[in-house]
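Below: one structure, written as structure tokens.
Read from first to last, the chains carry the letters A, B, C, D, E, F, G and H; within each, the first residue is number 1.
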Amino acid sequence: MSELTVFKRPEALLPVTMHYCPGCTHGISHRLVAEALDELGLRERTVGVAPVGCSVLAYDYFNCDFHEASHGRAPAVATGIKRARPDLIVFTYQGDGDLASIGMAEIVHAANRGEKITVIFVNNAIYGMTGGQMAPTTMPGQVATTCPLGRDTNLAGFPIRMAELLSALVTPAFIARGSLHSPLEVVKTKALIKRAFQYQREGTCFSLVECLSTCPTNWGITPTDSLKWLEENMLPYYPLGIKKTPEGKEA
Amino acid sequence: MQNEMILAGFGGQGVLLIGKMLAYAGMKEGKEVSWLPSYGPEMRGGTCNCTVVVSDKPVGSPVVKSPNIMIALNRPSLDKFEPSVRPEGILLINSSLIDRKAERKDVDVLYVRANEVAIECGSPKAANMVALGALVGKTGMVGVESVKAAIAKTFEGKEKIIQLNYKALERGVAIGKGEAQ
Amino acid sequence: MAKLLMKGAEAIGEAAIAADCRLFFGYPITPQNEIPEYMSLRLPQVGGTFVQAESEVAASNMLYGAGGSGARVFTSSSSPGISLMMEALSYLAGAEVPVVIVNIMRAGPGLGGILPAQADYFQATKGGGHGDYRCIVLAPWSVQDAADLIMDAFDLADFYRNPVLMIGDALIAQMMEPVEIREGRKPCKPLAPKDWATTGNKGRKPNIINSLILDPEDLERHNRRLKAKFDSMERDEVRWASYNTDGDYDILIAAYGTPARVCLTAVNELKEKGVNVGLFRPITLWPFPYAPLREKAKKAKAVLTVELSTGQMVEDVRTAVCEDLPVHFYGRQGGILVTPDEVVEQVTALLGGARPKGARKGGKA
Amino acid sequence: MSKITIDPNKCKGCELCVKACPEQILAMGKQLNVKGYFYAQVAEQPRCIGCRICCIVCPDVAIEMAVQGTMYKYFDY
Amino acid sequence: MAKLLMKGAEAIGEAAIAADCRLFFGYPITPQNEIPEYMSLRLPQVGGTFVQAESEVAASNMLYGAGGSGARVFTSSSSPGISLMMEALSYLAGAEVPVVIVNIMRAGPGLGGILPAQADYFQATKGGGHGDYRCIVLAPWSVQDAADLIMDAFDLADFYRNPVLMIGDALIAQMMEPVEIREGRKPCKPLAPKDWATTGNKGRKPNIINSLILDPEDLERHNRRLKAKFDSMERDEVRWASYNTDGDYDILIAAYGTPARVCLTAVNELKEKGVNVGLFRPITLWPFPYAPLREKAKKAKAVLTVELSTGQMVEDVRTAVCEDLPVHFYGRQGGILVTPDEVVEQVTALLGGARPKGARKGGKA
Amino acid sequence: MSELTVFKRPEALLPVTMHYCPGCTHGISHRLVAEALDELGLRERTVGVAPVGCSVLAYDYFNCDFHEASHGRAPAVATGIKRARPDLIVFTYQGDGDLASIGMAEIVHAANRGEKITVIFVNNAIYGMTGGQMAPTTMPGQVATTCPLGRDTNLAGFPIRMAELLSALVTPAFIARGSLHSPLEVVKTKALIKRAFQYQREGTCFSLVECLSTCPTNWGITPTDSLKWLEENMLPYYPLGIKKTPEGKEA
Amino acid sequence: MSKITIDPNKCKGCELCVKACPEQILAMGKQLNVKGYFYAQVAEQPRCIGCRICCIVCPDVAIEMAVQGTMYKYFDY
Amino acid sequence: MQNEMILAGFGGQGVLLIGKMLAYAGMKEGKEVSWLPSYGPEMRGGTCNCTVVVSDKPVGSPVVKSPNIMIALNRPSLDKFEPSVRPEGILLINSSLIDRKAERKDVDVLYVRANEVAIECGSPKAANMVALGALVGKTGMVGVESVKAAIAKTFEGKEKIIQLNYKALERGVAIGKGEAQ
């Protein structure tokens, strides 16, 4: 009987070692995007937009054209590409500091204009790359280097639920939140990402998938404990699921 | 006299800390000092190093390309920095973790079983202190008392840890002086 | 093509379209709103796309994306809006993405006023963003000039893979003059296909538009390559014009943009009175025409720099002529234009040996 | 029959696969790879049920799986 | 107070607190994260407030508000983040709001790298924002210097009602050195009460912080008043130091920040070999010490400018010495620091008459 | 019988003629703010923050300290003032271009941090000052100088409902929408503005009142027709009322 | 009895008060004010019911109202 | 010969338009021309003006401080610009709306009942055309045919409006030539 490889590195991901810390789930979301591009046959007409954040080097990992954006402006850069070349598939890959802090105006307006792009939003409740500062998504009480006594909601407010916030816009969109903390959720998140790209392929609408992710290094715990921490702390606050579809209801 | 040192090892081995202690001890003795960490987006998980200058004159460049002293607490550090040590310089190798000998013939090499000695002292984490002690013992660059002051300040209030570190330091000093391994 | 009577703003837009630009991203700001407004009407008519960005920060990053994917694209704004593009400008230069940015300058600093000024000279020529980079800076003095220069701007941007700025005082955009949009012109530089652009990697390795280079040796190499490119611009792209400099003259006036026209009127008036004064007009503000200016200044006893600022280009004028002769400065600010009479008065006073009223030795201490 | 292959030089030793395998047949090795990590290994290949959970949770795409014959699809992935 | 061994970043924060600053607004960016991190810990301990802004744009506008209400306030960032503050900087200068901004420079342009550089010299000294404005720019070369200068920075800002910049290469923030934070020191300028601040108009007319002036005559007056203020800074605030310039020397080195220390090491090494070389260190990059530099250059046959850029300050050096003598440039880029050996080599080559390897005549064509 | 003045210019509004076009309801919202400050006795410890927009000269009209912000950044400027001087009452007055376009990040984050400031948001569905360009709040099909054929929701998306968008944040706040198109709504809007300042006085939370407003000049119709246009076109899309209270429900 | 006063030089002639007055007792005048606007005037003061609607809708705060005696409060303003 | 003109009036009176027509007519005749509107944040509702230069030589400053020709369609414009007109210059006053005489004695003043004449021509909005005609009639700066070309181009396709404007223009020309009021 012949051997059949049923799981392997997707073609859209180059065969290189990524620089992410051990157990960092950035690697999983990279793979999910790559698999989606492969399975939908989009790789050769895709342009990715890399953020400033731990995934800044995404262009070294994906086997497709890439554009490095300035911090937070990936949705604007993607808008530029997509408007210039509507035939291309354009996605941004952004962290929570990038998208929810400095890039708030750009993501809200790209979503509101209904740019036909796909946004992969990796929410790990911290600034990973710069060494663990508070993000807009940092949990109440969570310690970070710029809130050494834990996030004080009186001074810094509550974490922002980006998927819900963007769903409050009127312009049709596909917006969903998945998580990378368990095999089942990874599988579900992949389906969301694939669906997001499908909407783009059809030219239907803006699409965004928020992926709850871990940062073992800056959370200061092991990769395994990070998955648990995500589940126990982030999941209750960031409910998973589809928040908005262009059809107006979950179809 | 100007000592320009690179101290290198894995992330968790505490090289930044002993570098600071050296600088602190030097300052205590009225010397001019500087301490500079390596920093980079990819420092996590990889190797980590710092540069310390202890000198009689004001410190010019806090960046050192050719140190006269190098401490390598792990193999990658030795591989990376060995070639840069100045001829006649000192190369301190943590032989507990480094499975090769120095290649340079023109430098003064000191092998220290830092991890084993630290375990013997009852504090497996204090390999860095052993290495620091060995360096001080060998060079007399700063006084042992000054280093002890640095330890006391760093672990202020944690008497037990201070004593353990003193012990590791002293064992290192003895090794550095060639008294014992 | 016949001459049209057009507002500068519209001529800039129409010339951009004639230069095959089909994309505009911008944000409203007085006194250049007529540019995005014109583009919002015209671009869809020619199969192009106009997007009103949420801000100048976003607009400049949209440019970055569109330029990176190989499109000809431009934006326009005015002083405060241009300040918001400084990060993107540095990225554009660092990642070598060709785009064109138009600054219709208004009075500053801060919110300032909305009338014409030239006080963003430093920002444009010395680098308002961070890091070692340079941009060619074109300075039109008429509507026709603006239309011609923006067409060249696209070619220069593409040739050098670098952002190109065109800066004009507000009059350039607001006034109407006869203008001919040169259709079917040849590019002013030989242009290669944009095989570096992000267009999908079918049949080739991925193209990457990027300015992050973590290895210091690599980044240094990149910096030096860029520097060599900027050096070549300094060598090859200097543009300037001079007027009434064939005969003898005691005074050479240096001015750019609309004030240069005012100075030309003054030069002509003085000539009628039998006084010969030369006029030197930099067309590229960077690279600055140091050598030609010095050459032209040789015949003069003094240089008078006229600007709508408290003295910015005058520093480059001083650098150019060094200590060969004194450099005087006359400027108006706040949105007030210099008049021919004022220039005549300045020149007359200088010729009389007196330090003219209102003038000062600008620049360095 | 499914076969798991872990690339020792891609593995960063995060242990996520080890913890996730429902059959508990993966284990951390005792050797360092080129990057200085202890890497995961398949301890009991024959007991593998081919669920691909290890592949799915590995952040470094260090695991591949091959099957001989047909495979039961636990979920559409 | 006894000397402490501190990271530059922490010394800057602690010195700011000692200078009565109780407010910090900032956004993380390498290599200066230790400044906001330190402030987030320390300010609440001394009754102050730390706010992590959503961006550098927001941070600089928070500064604008806080400074306008009379508070001492500062922010810090690194190159790309500083570019995002250019609009606010112009507003701060235009509305005359005193604040302090620290730029811990990294390699550029664009995202560049995170290692030390000095390529934001133009941006800081020539005005990265729009309009006619200037900021005093302080350049420390050690941790002690950084602590001392930031204290002065607050006084200078308050005295002139103008933003003050302190720019350091990344080493300034990252290294530890012994430092003494001078508690209870006297301000370096006489300070008046801030009766212009927005603090509620009980018993007085409303105070307004503003840079919009629609009447061109008024705006021109404002511009000229600002210009006069900048002129007074040029007159009164020039700071510099020189080393080994008492005797004779053929070469004068010009450098600032950490490279100046490297150059000093080289100067000392050369001295041991019997070669006398002078070192000139601008401490204020604006106002630039043109006259003192020219004076010091008189004894020399050539000037060597050393920078971590492809050549920015060298333009001011050239302006200063004009054509008295040749100005050479040696720079490293990409995050690489010059070494004493390199400087020695450059000097030796110059003394031998040869054009040193890697050096070039920087600056203008 | 003695005469009693029962309606007059509030003390917090200087006795000057405002530059607004005839019939522009900016003047009404100015008066409402001034009345609220007077009635709550806050004027002498208030700092207003003026936007860039038609109300850029607000500092010439209010009888209190004022700070002119850069375009869109009023919430950041207000944050600076309030954090420096928590004893002051700080409000911003912003147009829809200012707040909802360029200033999107600043308003979302000030609201999310829960800054104890009050925001008066004047939504007139257009860029007034710069001459009638499309705003993020411009109605579908509405003609503006940068959408000469009317706002095309396929290219520019749908108008943003700022009050609803900000209400999607978790941090407690008082957020409401009023309108200035009829006497009754003016009266109700005044109550909202007063309540907003009361929350600030108590240090309770961030507060924002969106005021639907007219721009006869750029809409190109008479002031009276403008009120009607607002009622017929904006009101159905921008529902009035209290969207969020710090008590968690309408109290 | 309520009395309405319209400041002719503050009025910009927008007519909002005229259209809003429930008693229709305000009217546009035929004279220009200093700014060049035709301004509103009270045509029939005695019929004024003191509702203050004109004051409330005037964007230029050009209208004042005084009462003699008590006033019925239509709404809490 | 260089004509530097300021044309001013209320917002809706169409001064910008007749300015453009003048420039267009000049351009048609091969002259150098420029047109510049006043612009400002407060232009709405207030007065409005433009500057037109028609010249044989290239236009220097498109901004004019002392025009040799001034058209005032309303009183505020006359008040504002009358003092700036150059001695010997021409001042055209719309006496339909302006209730005072010129104060300057050193300029050539032409009073035109522009609004009344426009009404007589059947187009009350064409007062600006009457004024334009009067100016052209008086100065001959550009040919009437060129101005007609400008009108035809402006109102392309609207034949009725074109004819009405022609009529108003011609009445103005006659007034300008002193033939009739």
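By our rule, contacts are C-beta pairs under 8 Å (C-beta built on N, C-alpha and C of every residue); 3 or more make two chains touch, one makes a residue touch a chain.
Not measured: the values here are computed from a predicted model.
Counting hops only between chains that touch, chain E reaches chain F in a minimum of 1.
Ranking A-D and A-C by contacting C-beta pairs places A-C first.
Our note on geometry: chain B versus chain D, Cα centroid distance of 40 Å, whole angstroms.
We define each chain's centre as the mean of its Cα atoms; on that basis chain A and chain H are separated by 62 Å.
Chain F and chain G have CA centres that are 25 Å apart.
Shared interface positions of chain D, defined as residues touching 2 or more other chains, are 12.
Those residues of chain F in touch with two or more other chains are numbered 21-22, 56, 68, 70, 101-102, 104-105, 108-109, 113, 129, 136, 155-156. Contacts with at least two other chains are made by residues 30, 51, 54-55, 57, 80, 87, 91, 95, 110-111, 114-115, 210-212, 214 of chain C. Those residues of chain B whose C-beta lies close enough to touch chain E in the complex are 20, 23-24, 27, 32-37, 39-41, 57-63, 65.
Across the interface of their complex, chain A is touched by residues 27-30, 33, 36-37, 40-41, 44, 50-52, 54-56, 80, 110-111 of chain E. Interface residues of chain F, counted against chain A in their complex, comprise 101-105, 108-109, 112-114, 136, 153-161, 164-165, 167-171. Those residues of chain E that touch chain C in the complex are listed here as 57, 79-80, 82-84, 86-87, 89-95, 105, 107-115, 117, 119-120, 122-123, 126-133, 210-224, 226-227, 234-235, 238, 287-288, 290-291, 309-312, 315, 318-320, 322-323, 332-336, 364-365.
Chain G makes touch with chain F in their complex at residues 2-3, 9-10, 12-16, 19-20, 35, 37, 50, 52-53, 55-61, 63-69, 71, 75-77.
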